[in-house]
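Naming follows writing order (A, B, C, D, E and F), and every chain is counted from residue 1.
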Amino acid sequence: MSAPAISRFPVPALKEMPDDIRAKILAVQEKSGFVPNVFLVLAHRPDEFRAFFAYHDALMEKDGGLTKAEREMIVVATSGLNQCQYCVVAHGAILRIRAKSPLVADQIAINYRKADITARQKAMLDFAVKVSASAHTASDEDFSALRGHGFNDEDIWDIAAIAAFFALSNRMANVTNMRPNDEFYMLGRVPKA
Amino acid sequence: MSAPAISRFPVPALKEMPDDIRAKILAVQEKSGFVPNVFLVLAHRPDEFRAFFAYHDALMEKDGGLTKAEREMIVVATSGLNQCQYCVVAHGAILRIRAKSPLVADQIAINYRKADITARQKAMLDFAVKVSASAHTASDEDFSALRGHGFNDEDIWDIAAIAAFFALSNRMANVTNMRPNDEFYMLGRVPKA
Amino acid sequence: MSAPAISRFPVPALKEMPDDIRAKILAVQEKSGFVPNVFLVLAHRPDEFRAFFAYHDALMEKDGGLTKAEREMIVVATSGLNQCQYCVVAHGAILRIRAKSPLVADQIAINYRKADITARQKAMLDFAVKVSASAHTASDEDFSALRGHGFNDEDIWDIAAIAAFFALSNRMANVTNMRPNDEFYMLGRVPKA
Amino acid sequence: MSAPAISRFPVPALKEMPDDIRAKILAVQEKSGFVPNVFLVLAHRPDEFRAFFAYHDALMEKDGGLTKAEREMIVVATSGLNQCQYCVVAHGAILRIRAKSPLVADQIAINYRKADITARQKAMLDFAVKVSASAHTASDEDFSALRGHGFNDEDIWDIAAIAAFFALSNRMANVTNMRPNDEFYMLGRVPKA
Amino acid sequence: MSAPAISRFPVPALKEMPDDIRAKILAVQEKSGFVPNVFLVLAHRPDEFRAFFAYHDALMEKDGGLTKAEREMIVVATSGLNQCQYCVVAHGAILRIRAKSPLVADQIAINYRKADITARQKAMLDFAVKVSASAHTASDEDFSALRGHGFNDEDIWDIAAIAAFFALSNRMANVTNMRPNDEFYMLGRVPKA
Amino acid sequence: MSAPAISRFPVPALKEMPDDIRAKILAVQEKSGFVPNVFLVLAHRPDEFRAFFAYHDALMEKDGGLTKAEREMIVVATSGLNQCQYCVVAHGAILRIRAKSPLVADQIAINYRKADITARQKAMLDFAVKVSASAHTASDEDFSALRGHGFNDEDIWDIAAIAAFFALSNRMANVTNMRPNDEFYMLGRVPKA
């Protein structure tokens, strides 16, 4: 049986890709042991690929008031509500690893209000979900509530920007029928010895 | 650290339970190796406990036009949309086991339209989701569409009744803050040797 | 002209029913003067029939912090929002009788916020409607608000469980095209001399 | 005990009203045996009162492709979805009388798809409900579907205009807390000897 | 090329109209320099035309606690949410003129929360939008909030009635495909010398 | 009076910006005569600024099956539904210029179904709006419908990607309170002599 399609659109072979994109993909493969399909699916459009990952890394790979695990929580919570299979499965795996918790990703994907997270993290996700679903109603009261939980304005920008970036990402994954790699499903579920 | 609460309401000790309920719970424990929290949480109300599981078993443990795995697909798809953590985690585990697939439960919980299932199963879930979210619009056209996929009227009743029963179950789990057992998260993810 | 169908599915004749179900139906007929169609429609599935009415009676026929009329208010308010013709018409009749009020059922079915009920009853229906429409957002604040109106936790379980049970019931009635008996429309509208 | 308020706003006494308004109200009282509260509540604003009833009568008291009973069906179906207690109770009574049916008003108020009406009337209500809830999507296809049921363009204007007028009326009734007269609840439920 | 249609329905010639309607239209043309299409489209139904403009003028052409510009703000905000092209374009023009602001109409049509208006005006539009979208939830708390911004009960009636009237107007414009006159788009954008 | 704020967040001075960002902004100013506020607001985060505009230009400044005016139509239609003031006002101006039409941007912002555009363009916007509001339901049927209007798969990617990118952009503009420059409101409304 042939492997299931990972995109509704053509997926270029590694050798057909521009050098910088191929190099980035090989580096990811080296580090992760496999190539997450988002890299292959978006390689169909090299300029968009470069912008997408530049944006992604600017938001997700930085230090700051939010931990890397918290950034992934935002991805998982908003992607769950947007019914984005790729983003929940792939970033759920990353969240399990970064939070060193085998349970929290599934909990947040389904209903973050009942997840094993702090009140501060629930406030963060309340706002992220609001940005994702009804950003036009974002108000000074939202900013005050977040400050009351110890977030500063740079943190608030980060929360909003991550929710906004995955509003884009969720839509592209859903339209392209981007398929999560089988490898993601088990990542982070069993603590390393 | 104490174990996290499994309910907002009091949970009776085994020895305080009526004999028939304790016997049922011990039987489940014998078979599964642990007691799913839904049994403990609902034991707070013995009469409702008895009716709940009688209804559940009448719908889920029978033979018929739907396989047992397909019955679990209905639970997982509708519980995902209802943001019911307990039902997605627990029945996701059962679905993995019954479908002998480590991937399909997560796929269906997030977006069944993109899951590795048949067109017939997608039609089944289209209807189940409609019953769950807007049963007042169920129409003769829905019945015709399902018959076109080979479902007979008894199958259609089953689809509707499972979606309806978990409409109840999802609401009770969400109001009681019913916590999924940690054991469910890994069940069925690794094929037995 | 033949009588209109009361279900999309086959309705068994009394003599074809299991003894316990026939006995229950005859007892209802004896007491009410007619057989509410829900008994006939659900008799198509004896095991589900038994579980359904056991659950119903456990919630609706008991004493406790909620009066029987208040239990029916929950049914009528949530069934109205779910556009369930059978449940609004049948339980509207029961509510009129139990509340000894010819007006309150129609008022609650359309907009409980403007019904002739107490502030405490409106708070009860606010929560019932939330459980019916968005149980995943039920929170500690909801419990506090209800306690502020004098409800204890057992009452809150009752409110939630009734709303949850009729989430099931409304869906079955809508999918089966369950027809309310003509008798219900006038019941309780004219005070008995 | 004093009578319950019929409006959140001041209600003028008959003798304080402009002559034409008082005359209209007395004529209604003469004909109906009581004064429907909408007349008293809107008399607070004489110019709006005159325009409201001129508009109402232009749409509801005419002959044409829609019977008077069908016009009331539109009112009841859309007012039910708008949760307007006054309009459902008052126009439900008028519908019972005009349709000479004690059942149809309650059926339509809850779920017109399951009411004892013709396929043509269901198509009429499909469009009326669309105008009420999402008129911005009204399309040529809607007009074609209605013509397929024998409605001409003047009928379609009537359906839309009645749904639109009661969009106004429902909102005024809800904001003013307009109370339906007790008399309406029983009107048309018992056939006249 | 012929001019685009201004209505899905027949539009009468001026000479075919009843005298009072023709006179009103000629007066508007005299004052404005063109005939807004709403007059021509609604002239298809003279009685409804008369009631519509009587109602409109009673609400929009009066003095009171709301300025004429504020009344137009209500029209523009609610018509934007109802996706009514005619009402946003035509009343946007009137708002620019009455508010002597070239920017405020576009701002309010898209998101009034971010418009150059006062906190009091935002509270006014919060309520207007609530009446337009969910009047059945209008409550004493809404009245209190508005009084806190200095509105009295007559002002509140005005806000509600304007939102309610344009609920009607938006639906008629959308169903008739009422086309805004080209003249409206530029009106009030350039200050008069 | 001081100028109104253009962002909830700090806006860097030109001289504080990294050279490449300052150069890009000066080039835009040279070309347009003013600096659109989106450049200033996003300059608060240089890495995100670079990725944002790289992504934007990859989608909006290219040739292909969609004209540049059609790309702007997608922005205006989806941003209107997302209530994004900055995007509707700024891209409405660009659309007027690119389409050489003073009317079409306002029409599309309010209700594209009634705009002066082709059936093919309406199909394009139907899909764009679906991607913006419910991408999880995008299906093969959507692709077929678009192909029936002459769009190829690269065009469909473009439509989806533009809708997805502005899902991000709309959210950032709403959270930052990004203010449209006054200059945009009049651009393209008066044909150049």
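Everything that follows uses one rule, which is that a contact is a pair of C-beta atoms (placed from the backbone, for glycine too) under 8 Å apart; a residue touches a chain by one contact, two chains touch by 3 or more.
None of the values given here were measured: they were computed from a predicted structure.
If you apply the touch rule, which chains end up adjacent to both chain C and chain E?
Both chain C and chain E are touched by A, D, going by the contact rule given at the top.
Higher C-beta contact count, A-C or A-F?
A-F
Using CA atom averages as chain centres, what separation in Å is found between chain C and chain F?
Using C-alpha averages as centres, the distance is 51 Å.
Centroid of chain B to centroid of chain F, CA atoms only: how many Å?
Whole-Å distance between the two chain centres: 44.
What whole-number Å value describes the gap between the mean CA coordinates of chain D and chain E?
Chain centroid spacing, chain D to chain E, equals 24 Å.
Which chain B residues reach two or more other chains?
Residue numbers touching two or more other chains: 83-84, 111, 136, 174.
Examine which chains touch each other and state the graph shape they make (line, ring, star, complete, other).
Basically it's none of the tidy shapes, so other.
Write out the stretch or stretches of chain D touching chain C in their complex.
Residues in contact with chain C: 4, 80, 83-85, 88-89, 102-103, 106-107, 109-111, 114-116, 174, 177, 179, 182, 185-186, 189-190.
Which residues, counting only chain D, touch chain B once they are in their complex?
Answer in residue numbers: 111, 113.
Going by the contact rule at the top, pick out the chain C residues touching chain A in the complex.
136-137, 139
If we count contacts the way the header does, which residues on chain D are in touch with chain E in the complex?
Residues in contact with chain E: 8-9, 44-45, 47-48, 50-52, 54-55, 58-59, 82-84, 131-132, 135-136, 138, 143, 153, 156-157, 160-161, 163-165, 167-172, 174-176.
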